[in-house]
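Structures given as structure tokens follow.
One chain, chain A, links the two complexes that follow: it is found with chain B in the first and with chain C in the second.
Right after this comes the complex of A and B.
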């Protein structure tokens, strides 16, 4: 249930060398394997609002809801393919101090492990979801970004077709690929298919269109402000447009640090509860972030 | 002045009569042209019929600014669809918790879940399937929250003991017994949620221009706070709401047909379809099912019955007219009238609804009446020894004017209904009057021509006709009515006064009500399903309350949740018969809080601190946003309260709505004071439908008052005297009084269907009295005494009046066989209306003239005018 933050960034990071005339599946595989560093720290603002379209631009209809969050992630396991991530809410004040910890496994048979801490009740809870019959239904901090959208994707979940090979997208050249879920995976996703614009230089998806089962455009994900930090390509701005309810969210990464040492204790459930310990450790990491 | 006006009208009427008399000669001279133009015009109008736009939606009945409808649109925008298909099933072994039963539910659910993922099936309207098998279940301990399926694929009981244990555990769950299975665990429920009414109409152009703009790397959407914040929550205006896809009625049928295929595959059979012994039996309710019933059963049946009714009318027409030509020609012209009118509807491009059927029956009524009058007088003229073309000329001279006046008054009546600001009624009123005019025109112009081609009168070798025995009896009866009117006018009037008084006494018992439970007769599964689900599961309908805190995150407020809780308590305590459960975020907040603490029942409450509540709700939302979305909008500004209610009539719901509004005002009074932006409103498809029905019925009643007034004024003008007008109006009010009396005393509720009788009743009643009075007056003008004029009118016009009433009432009585109670009532009441109109015209009108002698003065005037 609490599939959180950093799988999102897993979608967005870094470059691999280019091969000649790769297949759609190969391109996707490389995009999934993009190097996003072995650990990351970030501070992000998440804004969400209902939009109206004015002069070819989407505009918030009212003041967007703002969440300020802090996240910490680290690759673990034998091959570094499992991951641990910690997320903290800084704002709004009524939710300040709420903390989430998640452990994801590369092995599809293994369920994620999740913990949640509620400071107002001083309660630490392990969250277990055994209802595994449909798409992950949660959304990230109440935004338009569903857990399903940022979940760790496996290449075998879909079949791929290369729609366009040398498409210009803004100033970039991209591949346009259509991904259709396999029959086995279909019940686990709410989408009928998706179309992905993948940058030919750094393999980051620049745009993803998610279509519902009736073939109508349900959501558009845009990755913007792509920068190279410590040799790793990363999008610092991500926009999610939900066409089916006319709301949109924007996630802006304000501070970021990659490949730093993260003490193991910080990614354990007791770090959720022990704010003194956590704050001391986080302080050092915050200093590194730019 | 009055004298001049009267003289003017009289001259005009005389001229019209003479003009009408010229029609047969004129059409005889131009027969080929006339027939060719009839053919061409018919082809032209027939081509318009496929262009008819049907708008069957409930929304069409509302004004755009109707608050209940507007709230409903906001509801769809914030919470999605409220259309659920509810299947109550009875396992073959009588135990919902047996391994066999649960396996059958599992198989069906898995199939439906597979189907709904497919792109090319109507079943992808399904958003969620829920039953005791797939219900979620949350286990809370001090350090963990475990959500799992209550049963699920791994939890099926294998032995009877395991089934019992499962039943025990299920009985202890707050929301399972009485919602997912009956308390005796013999019946289960399958809830199939759909997205009907909530699919957004996505403006493709806009999406495309924006996608193009994204290619420009400078493109960024604007996330800054708007300079002027637009409305939110219940304050959203219609222009600020997105547009939803419209659902055509037949889509429900396509959906249900696919759904029924799945059921059949799993050997689930409808309880009323003689299910096999080993089948899982079910009954269904919910909007998709009801819409399908209306579309595929009621509407098809209505088509069949209408056809039968028309057929019967033709047969009876043949019997009373006694000639094939006299049946074929009117029928041809009536069908032509229907084609022309429908063609005009099609070419006009105006959307119409099922009320257009009534137009067809109105055309039938007007056409039959006009034709019978023409045929009847033509026969009398022929019997009097006139040559065929002379007979035609004289027939038109006598009948042309009253037919025109009858058509004019009916048209005016229909047109006056168009002041009602309800689009489908407006369209009906307009096209009904067009239909009446077209039919009048066709009958008067073409019936004489066609009668000359193939005459309805058989002449013997000497060119004479013979009178039939039946006509002799009728003439004897009419002479008797004349005798009665002359001899016992007081007794007759007294009788009518008594009947009217008794009818009037029934008036307070008349009520407006539409009830899904009684709308369709038992036997097709509607009332059966509703009473079974109401009885075992506490309600088959629901009403919704929208609670708008006026600001983002405003719902996360303990004070507001406590007020909501108190409202829920008031509803359940105030309507114990009607309401069994109320669901809202309150329940979820209490449940989540309890589970976050320790899972103990003593902590099932709203947390006191705002911070604790906010974190509780946040954790709930992260865990289950799908359920959160059912109860609170994305901004946490508007909450929804769903009240499960038993199915009742619109009258009960109206009272319930009033009570509800009172409790809402009570419960939120304090919050309202502190927060001027706070709003709460009632909505939901059932309240909306009920409001629509009662709104339309009331508008219909008001419009009929207007129709009566307009017709009265018109009669006044036509006959040029107040007395004449009043005299003409009284027999027309009688059938309406009788109708109201019958519905009052017999307890028949007035609903939109029943009320459709009124225009027909008024139309036919006015026709009869106009024919009578015009004939009477013409005789007066010719210098006859009042008594003689009455006798002449009765014997000449009476026969046609009786024939018309017999033909039409028998035709309408066919509707008694409909499964639709409203149509049945329509049939019975039409027949009653026609017969009481006939009685009033045959007995009351002559008696009144005899007694009050209202036209003595006028006789003087009219003679002068002549």
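Right after this comes the complex of A and C.
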């Protein structure tokens, strides 16, 4: 079974040759080579709420929960395939100052390394993850994005079928592709299959439907507010609608900078607990963000 | 008293761990036309989403207001907290460095309700504490801190061996808020950062010791009023070297630190400082994190009693060790187990002299309802299975500002635990309603 991740949906700027109709697998392969810059800074909000449907539209039933975060990352290693990232919580106030550092390796044999700074305890702590025996439990920031939704995946995790070749989606023409996890990958995901709407001109994923193992629609993901930042086109809003529990989340990127110089020290453990060092170094990056 | 890490943070850590992985998806949309933006530019229900929220508007001051209720439900059965408390944090970057202050204050009507001695009411009914107040300035590879600051050097979460620098607040015996269990130390700290390495130096001209309540207070201990009789006040200093290794960390510590609790030397009490050599190491092997701390104190002041029962302090070669493991389960939450041992052990008046002392602590925590509900349980054994503390805790986050904490502590002591016997009958139920701003 395939759990279609966001990272998998990332499509390359390099379009496929127009004279040859690409296969479903070729289209999905492009997503693995996304050009997201060699370094990146962002401020983002994640809002989540339970919803009701009124006059055909979803509305939050109460005031959405909000997480305001600041993140920084860059590609490292011989071919730039490893990555370092720093994330800080700015809001809510009860969590302000929590900071997280992660090292990810392209080598599948090497596990990620993670540290967390706990401001209430004044403690920098190394943390560990669950094993890969099954789908990751829990959700991101208490949102409707499950951890398994945002895991890295390989093209070989699923098989792909082109459901419709010239489908109209709004004013766009899209491919509609069904992805089904392989027998080997199926135990690691809670989804039975997924369906993706991909823009034919630019190979953009515009909509994703995730179905559970019983074939019932579990979630719908939408990418919105497309803008060009530092030469790269990005979606600044992402909406996740969970049909099984009537909840939804919206992730908004308020500020973003790409391909800037990031001091190495900002992606080391010092940046987690040395507030003055971190803030001094990040001041310049914040000014670059749009 | 040992300190317990709020399991909430372990859960939040996963949030961060995977947060960055999401960003490629936001960068994944090349060349969409503006027409498409209009088509999908729909908040679909998030009607109050503003355009941006900038960090520049972050307030300098934050904190919480809480309503605290705590009742001792063993013997005696009585109120121990009944009032309000506040935590204020000043967190400000200035052109001259980082300024940080953290203070707590409370009004507790429990002493008045229970008709405690007037001296206790006068002293503890309204109380305030400046936990931290320091200035910090970072340079290229150095960082300097001056002021009152908490300093945590160890790897342990519940049973620290090498966290000998920061004193503990023992005014409440059992805390509903783990972050209130520690106090800042007045210090000068210099940190050096290299490639995967850190060197930390600390100087404490006038050490602060564990905070005890006065005699007559429900949580008075045999150390109460000890500050009236301190006969020494050594300068403390220490050096730590920390090396990051692939999926592991190693730290070596050398220093000269005092006993945070007093020892009895005849009619006087002492915190006499002694040399410490320590090592801490952890290694990650998902889903496990293995931790260890070892300390060697060549001439550690140790409590002894003469045949006449007269207390005296003798310098002895001493050892302390902690072995621990964190475990993250896909279906059964997060677990921490730590085993602590010291020998020879410090003994106190009224306790049987033992040559060693051990502690075993096991903690479980898990989050539910989209992280709104946190449940936790801890059991801590003191030397044997009959002396134990069991703690059940919960936290419900109503929204981004309001939360409700509940905690139940049960203490079982068979009479020969010098740490636990004084707390026998102190079973306690806590509720805290907090508003964060």
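Just so we're on the same page, the second predicted complex is superposed on the first by the 269 of 290 C-alpha atoms of A that agree within 3 Å, B and C clash if a C-alpha of one lies under 4 Å from a C-alpha of the other, contacts with A are read in each partner's own complex, and residues count from 1 in each chain.
In this section, a residue touches a chain if its C-beta (ideal position, glycine included) is under 8 Å from a C-beta of that chain, and two chains touch if they have at least 3 such contacts.
The structure displayed is predicted, hence computed values, not measured ones.
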Looking at the overlay on chain A, is there a clash between chain B and chain C, or do the two fit? clash
Looking at A:116 after the superposition, I want to know if it touches chain B, chain C, both of them or none. Which is it: first, second, both, neither? both
After lining up the shared chain so the two structures overlap, which partner does A:280 touch, if you call chain B first and chain C second: first, second, both or neither? second
Could you say whether A:142 touches chain B, chain C, both of them, or neither, answering first, second, both or neither? both
Using the touch definition from the top, say if A:250 reaches chain B (first), chain C (second), both or neither. both
In the superposed arrangement, which partner chain does A:58 touch: chain B (first), chain C (second), both, or neither? both
When both complexes are superposed, which of chain B and chain C contacts more residues belonging to chain A? C
Partner chain in contact with A:222 - chain B first, chain C second, else both or neither: both
Look at A:70 in the shared chain and tell me whether it touches chain B only, chain C only, both, or neither; answer first, second, both or neither. second
Contact-wise, after the overlay, does A:178 reach chain B, chain C, both or neither (first, second, both, neither)? neither
Go through the superposed model and pick first if A:127 touches only chain B, second if only chain C, both, or neither. both
Touching both chain B and chain C, residues of chain A: 47-49, 51, 57-60, 62-65, 92, 94-95, 98, 100, 116, 118, 120-121, 123-131, 133, 137-139, 141-142, 170-171, 222, 224, 239, 241, 247-248, 250
Per the touch rule, the chain C residues reaching chain A in their complex are 3, 5-6, 9-32, 35-37, 39-49, 51-55, 58-59, 62-64, 91, 93, 97-98, 100, 136-138, 143, 150-152, 157, 166, 178-179, 182, 191, 193, 196, 198, 244, 247, 249, 282, 284-289, 326-331, 367, 370-372, 399-401, 403, 436-437
Could you please specify the touching residues of chain A with respect to chain B in the complex? 1-2, 47-53, 56-65, 92, 94-95, 98, 100, 116, 118-121, 123-131, 133, 137-139, 141-142, 168-171, 186-187, 192, 207, 213-217, 222, 224, 239, 241, 243-248, 250
Using the touch definition up top, name the residues of chain B that touch chain A in the complex. 77, 113-114, 116-119, 124, 134, 136, 143-149, 152, 200, 202, 206-207, 209-210, 213-217, 220-226, 229-230, 232, 240, 242, 552-553, 556, 596-597, 609-612, 614-616, 618-619, 621-626, 634-635
